[in-house]
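Next come the structures, one after another.
Common to both upcoming complexes is chain A, partnered first by chain B, then by chain C.
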Partner chain A sequence: MTPGLLFTQNGSAVSREEIPEHSGERFCETLISAIDGGWRVVSYFGAAEADAVRLYCILSFKTHAALGIMSTAVTGNSFPSLVEAVPQLHLFEREIAEQFGISFEGHPWLKPVRFETQLASLPAVPPKAPEKAGIMDFYRVAGDEVHEVAVGPVHAGIIEPGHFRFQCFGEEVMHLEISLGYQHRAVERMVLGRPGLRTLKCMEAVAGDTTIGHGTAYAMVVEALCGARVPAKAEAIRGIALELERLANHTGDLGAIAGDVGYLPTASFCGRIRGDFLNMSAELCGSRFGRGLVTPGGVQFDVGRELADKLRKRIDVARREVTNAVELLWDSPSVMGRLEGTGVVSEKDALDLGLVGPAARASGLNRDIRRDHPFGIYNVTQLPVETAKGGDVYARTLVRWLEIEKSLHFIEEQLAQLPGGSIVSPAAQLGENRMALALVEGWRGEVCHVALTDGSGQFQRYKITDPSFHNWSGLAMALRGGQISDFPLCNKSFNLSYCGFDL
Partner chain B sequence: MIDTLFHMVLVLAMPPLLLGVIGKTKAAFAGRVGAPFLQPYYDLSRLMRKGVVISDTTTWIFKAGPAVTLAATLFAALLVPLGKHAAPVSFEGDMILFAYLFALGRFFTTVAALDTGSSFEGMGAAREVTFSCLAEPALFFALITLTRLSGTMSLTPMLNHVTSPVWVAAGASLILLLAGLFVVLLAENCRIPFDDPNTHLELTMIHEVMVLDHSGPYFGCILYGAALKLYLLGALFVNIAVPFASGNAFVDWALFALSMLVLAVAIGVVESVMARLRLIRVPQLLVAAMILTAFSLVLVVR
Partner chain C sequence: MFKAIIARCKQGHRTMAYPREPLPLPERFRGYPEIKADLCPKECRACADACPVEALECQPDLSLDLGKCLFCPECSRACPQGAITHTPDARLAANHREELVVRPGDERRLAQALEKKMLSLFGRSLKFRSVVAGGCNACEADTNVLSTIGWDMGRFGIQFVASPRHADGLWVTGPVTEHMREALLLTYEAIPAPKLVVACGACAISGGPFRGSPEAHDGVEGMLPVDLYIPGCPPHPVTILDGLLRLLDRMP
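Up next is the complex of A and B:
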């Protein structure tokens, strides 16, 4: 085990004094040796202190369900960049640089992340005003036959805004640079202070399609800080809602992938079946996206015997329909020919970039928070982790389908054996001077929430890491050396969130 | 005279219906009701009533593009016989004019696309010309095979020559020819598996991306011209595939119209059961079409 880290578990809180504070040099050494030893960066962020910025790094080690925390205080306006040794830090470092005006020396690519105003600045360093979104120094390839294609931020479909800059040689993409930030709402700033109902609403809206994922992560943070125990029934309902969210989104994605290759039957059927799964979420709480279901301490809506039976019947119907629709895909050689070998992310690249969720599993990385750092209902029920080899669009499609099968099974099992009892336990006062962290495997991958409370039990710093934050670089890698006409298909196979990234 | 009238009415009025039938077929495969059969006509009338937005960076070429393309396609419509009838205009060697009228239309479409200076449209233009120069030999091999069979270079006698006895004599060659021609038909009209006429993803488009900047009546002309082109290449296909003639002109007209609708359903089926090809695979399929038609020629020359 690596020395120099404070060990903790998913969904727990530690006192801020216990977190080891290293010198800059020791911090870097510990981080590099931890990564060499198989640890993975979950979150790396700064928090303003009186005359310094304290950097916190949270690492995950798979086999012992261990999370490690350490910190260092930065007083100067620069800090050494570790990107060369630990590429998965590159976006985290850019984010810290943007939020606190710290320059990471040796970072090859210190560009804006979301074009946001600084959270805080060091004394004697005047804060810089951000550029307008999308105005930055794009990487360029020079040459006679090289051409640049700019797509977005306004797109042809009804999707979120993002700017994509391709450097092409004919149809071949040599490099893709993605510039986001158009949806920045400053959620992390909005939720500071004493948490309340409004905080929950903000959290559910971090990424609208991951309402349950972000809602659960936030609830776990609050529960850890006030030491609340969540009733068993509430844990089961949260699990069902999280898997329903996964089902709806995965089904929608399979349909969208089919639509992108021009294969209409699956596209149409999956579009409708996605609606059926959303309607099941609405049966639980009245909202198709699960708004208002999860609350700190439990859930707000009970599931009775009658509703459970009704849902089981509907799950059964949906299982048959989605199986039929998706099997059409596997049975069409033209679809398989289109998906296989398109947009490959090698296992090494996925590991280096620190990809998470189905995108990582499709590249052969066996990581899933539900098993590696189990929380809630997953402490008692194991879900098999599905991986694929190849890292291409086909693998990402296959992993989604396998996860759909497992989630359907999980929901049926949970509905059949719902425990009794209450669904919410009263929340208490938040602990003072503590750090709480929660990881949830949302449908897109690992959702990470970290909260630091001050001396009066209010949020002093709240850090959200959406899976999209890890995975956008994976999409850029998938396109490298590929065809520009394959971009929309690769994009669908990742289906990343713009607002979850932009916060 | 009455045949010319029928020819003009069919060729002007029927093409959008084919698109409607294709759309309905695809909807049926996808388990949807789909847009009405006449939807393409509604779309055209809506576009004709709309205003136009023209980019400041364009020149007269941008406006000439749709007009020249439609005019060239309309002229080509006078050269193809519909069913076992005579085309309004027919002379020795008109098959070459027919092929190059399409090339003229394509030239103006691509030049108009390049005129906008948009990187998307340039990409689309590059794709269009690359693929069409592979589709062209296939079309010519098919026409030369027919010339060899009928001994004429004019479309009307050439296609009217393909009757049941010819099928009996040169069936193998004609099957190869039809297969190649069907591929050309799909490729030239931007249907799946070559292009997806319904997609909104500009990076994957071939033909659609070249006309992104056109709007209103200009866009209407482009859509109508595309429907007409599908109709003409379809008529070429149907003339070879359906070698029957009853002798009664009206029955033959009805037979032709029905065959065209069946062809539209067939295209709809192909579009429903196939995914789009990866763009780098498109040339391979076009070369395959060329080889098919080349072999059909070999079979009749030997």
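Up next is the complex of A and C:
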């Protein structure tokens, strides 16, 4: 294993003193050699110190379920960019540059990420006010026959805002650049200090369609910091809720993909069945999105025998209906003709860009936090990881379907064997001067939360990485060389979060 | 082709009977609050202190602002007297901001129909342009769901359209982030008058969980003239549809 890292596991906290503090040079060397050795970047962020910005890098090594942490202090106004050697860092470096005013020397593309106000600045560098969202130097292709298409921030439909800039040669997209930040609500700044109920509410709304994913990651951070043990029954209920969230969203996505290729039967059926899964979440906790279910220490609502039986019956009905609706896709040559070969992201590009979740698995990357860094219920039960080879819209559709099958099975199994006992254990005072990290495989992929506490056990820095942060570049890559008319379809096949990215 | 027809038969007719018949809601659904202020001991602030968004006021009597409420279970759990509970009543929308404040003894004000002239314009066909201004995609998802076959909002002549020029009203979700303020106001301007504004969800009404955010504006209040407030975090689709049908005087 790579020296120079502090090893830890998902859902645990370490003392900040134990985190190796490297020189800039050693930090870069360690990072590059770790990536060469098969590690992957999970998070890379800055935290303000008295007269420096400390960069923390968190790496994952899946076969040992190990996470590695190291840090370095930046006192000057610049730091070497490692993007050339480690492309998956490209957006992390841009984010640090924007949040702390550090210039990454050699970064090919040091543009704004979400046009946010700086979190802190080095004494030597006066803070810069952010530009208006969307005002940036877009990459342009020159030539008489080349034209530019600008879309957004307001889109046609009930969709979150974002700006897309296409460089086209006829119908062909030569380059797509995505500029976000319109949804920026300063979540990371709002949750600083002593965590309370409001903190949980903000976390649940980081990305509303991933309420359970982000809620669970936050709860794991708090539990790690105060050493709380989550009761077995609460872990099972969290698992059921997380898989219900996956079912609802994957089903909705399959419907939306069908809709975008003009195949209305599956679009109509799945649109409705998605609601059935949301209603099952509402049976658990009263909210279709799982609001108020997860809480640090466990869950707020119990599942008794009667409710478990009711849910099992509904899962059974939903399985029959969703199978019936989705199988139509595979049997329709006109649908398959549109899905196959559209929006290809090669395995190498997916690996280089550090894609996560179903989008990564559709490009052949075998990664899933539920297996690689198991947490909660996934420590004691395993879900098979589904991958595909093509990296096209078809592969992303297929992976979603295979995951639906596995999640349905998982929920049935859990409902049949719910453990007894309590559902919440009391949370205590948060540990001081610690770093806690939590990874959760949400329906879009890896949700990463990292917290640093100060000497009084308050959040000094909280870093959220939504799977969309990794995957938006995947969408841009999928369009390269494709038809601009395929953009809606490619976009649906990724279905990324704007607010999860914008924070 | 035949498979699609067989599937169509199997899936059946699924548009719900609502509003002709009431919609069954899950047992744990939290809707309109029931406040029994006479149960409150003097100086007790248990529920108000438990509320994450300061939706509860204890003075002079206990009151709950539905425009701020996230409909979480915290207040009712904190109250040892059972003085506050959320009933499963999903009718929450109102025409005026102050009507969202629930005080015991006050007459309940459900959303009222538009005045006659507006009703003759929009009563049978109402098109909205949606602007997401910092919404977390939950309000958006449960607004979108109204266009699926289960809800089929089109049967009431209500639709979401792609251009503000084709719209009769603006549909706002989210706390209005600073980065979306201009786009929101431009969209409003682009809609031909007379026009309606709907604030959907706690964020659009009061900032919701992001109230006080340094990068958002605590909703559209004071920025745009709102015709319909739909509380919830997010509002249940039936809450949204109920509000719209009342606004259009289409409730049977």
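Please note the rule applied: the second predicted complex is superposed on the first by the 503 of 503 C-alpha atoms of A that agree within 3 Å, B and C clash if a C-alpha of one lies under 4 Å from a C-alpha of the other, contacts with A are read in each partner's own complex, and residues count from 1 in each chain.
Here is the rule we use: a residue touches a chain if its C-beta (ideal position, glycine included) is under 8 Å from a C-beta of that chain, and two chains touch if they have at least 3 such contacts.
Here the structure is a predicted model, which means the values were calculated and not measured.
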**Asked** Do chain B and chain C fit side by side on chain A after the overlay, or clash?
**Response** fit
**Asked** Touching A:171 in the superposition: chain B (first), chain C (second), both, neither?
**Response** first
**Message:** So in the superposed three-chain picture, is A:269 touching just chain B, just chain C, both, or none of them (first/second/both/neither)?
**Reply:** both
**Request:** Return first, second, both or neither, reflecting whether A:331 touches chain B, chain C, both chains, or no partner chain.
**Result:** second
**Request:** Using the touch definition from the top, say if A:197 reaches chain B (first), chain C (second), both or neither.
**Result:** second
**Asked** Where does A:189 make contact in the superposed view: on chain B (first), on chain C (second), on both, or on neither?
**Response** second
**Item:** Partner chain(s) touched by A:156 [first = chain B, second = chain C, both, neither]
**Value:** both
**Request:** See if chain A has more residues touched by chain B or by chain C, and give me that chain.
**Result:** C
**Asked** Is A:416 touching the first partner chain B, the second partner chain C, both, or neither of them?
**Response** neither
**Request:** Enter the shortest inter-chain Cα distance between chain B and chain C once the structures share a common frame, rounded to whole Å.
**Result:** 5
**Message:** Using the superposition on chain A as set up above, list the residues of chain A that contact both chain B and chain C.
**Reply:** 156-157, 265, 268-269, 332
**Prompt:** Quick one: in the complex, what on chain A touches chain C?
**Reply:** 115-117, 132-133, 153-154, 156-161, 181-187, 189-190, 196-198, 200-202, 204-209, 211, 265, 268-269, 271-272, 274-275, 278-279, 282-289, 291-292, 300-301, 321, 324-325, 327-328, 331-332, 497-499
**Complete:** Touching chain A in the complex, chain B uses residues 26, 29-32, 119-120, 122-123, 126-127, 192-193, 196, 198-204, 271-281
**Message:** Using the touch definition from the top, list the residues of chain A that touch chain B in their complex.
**Reply:** 147-151, 156-157, 170-171, 258, 260-265, 267-269, 332, 334-335, 337-338, 342, 483-489
**Fill in**
The chain C residues in contact with chain A across the complex are 3-4, 7-8, 10-11, 14, 25-30, 50, 52-53, 70-74, 130-145, 148-150, 160, 162-163, 171, 174-175, 177-180, 182-183, 187, 203, 208-210, 212-216, 233-234, 236
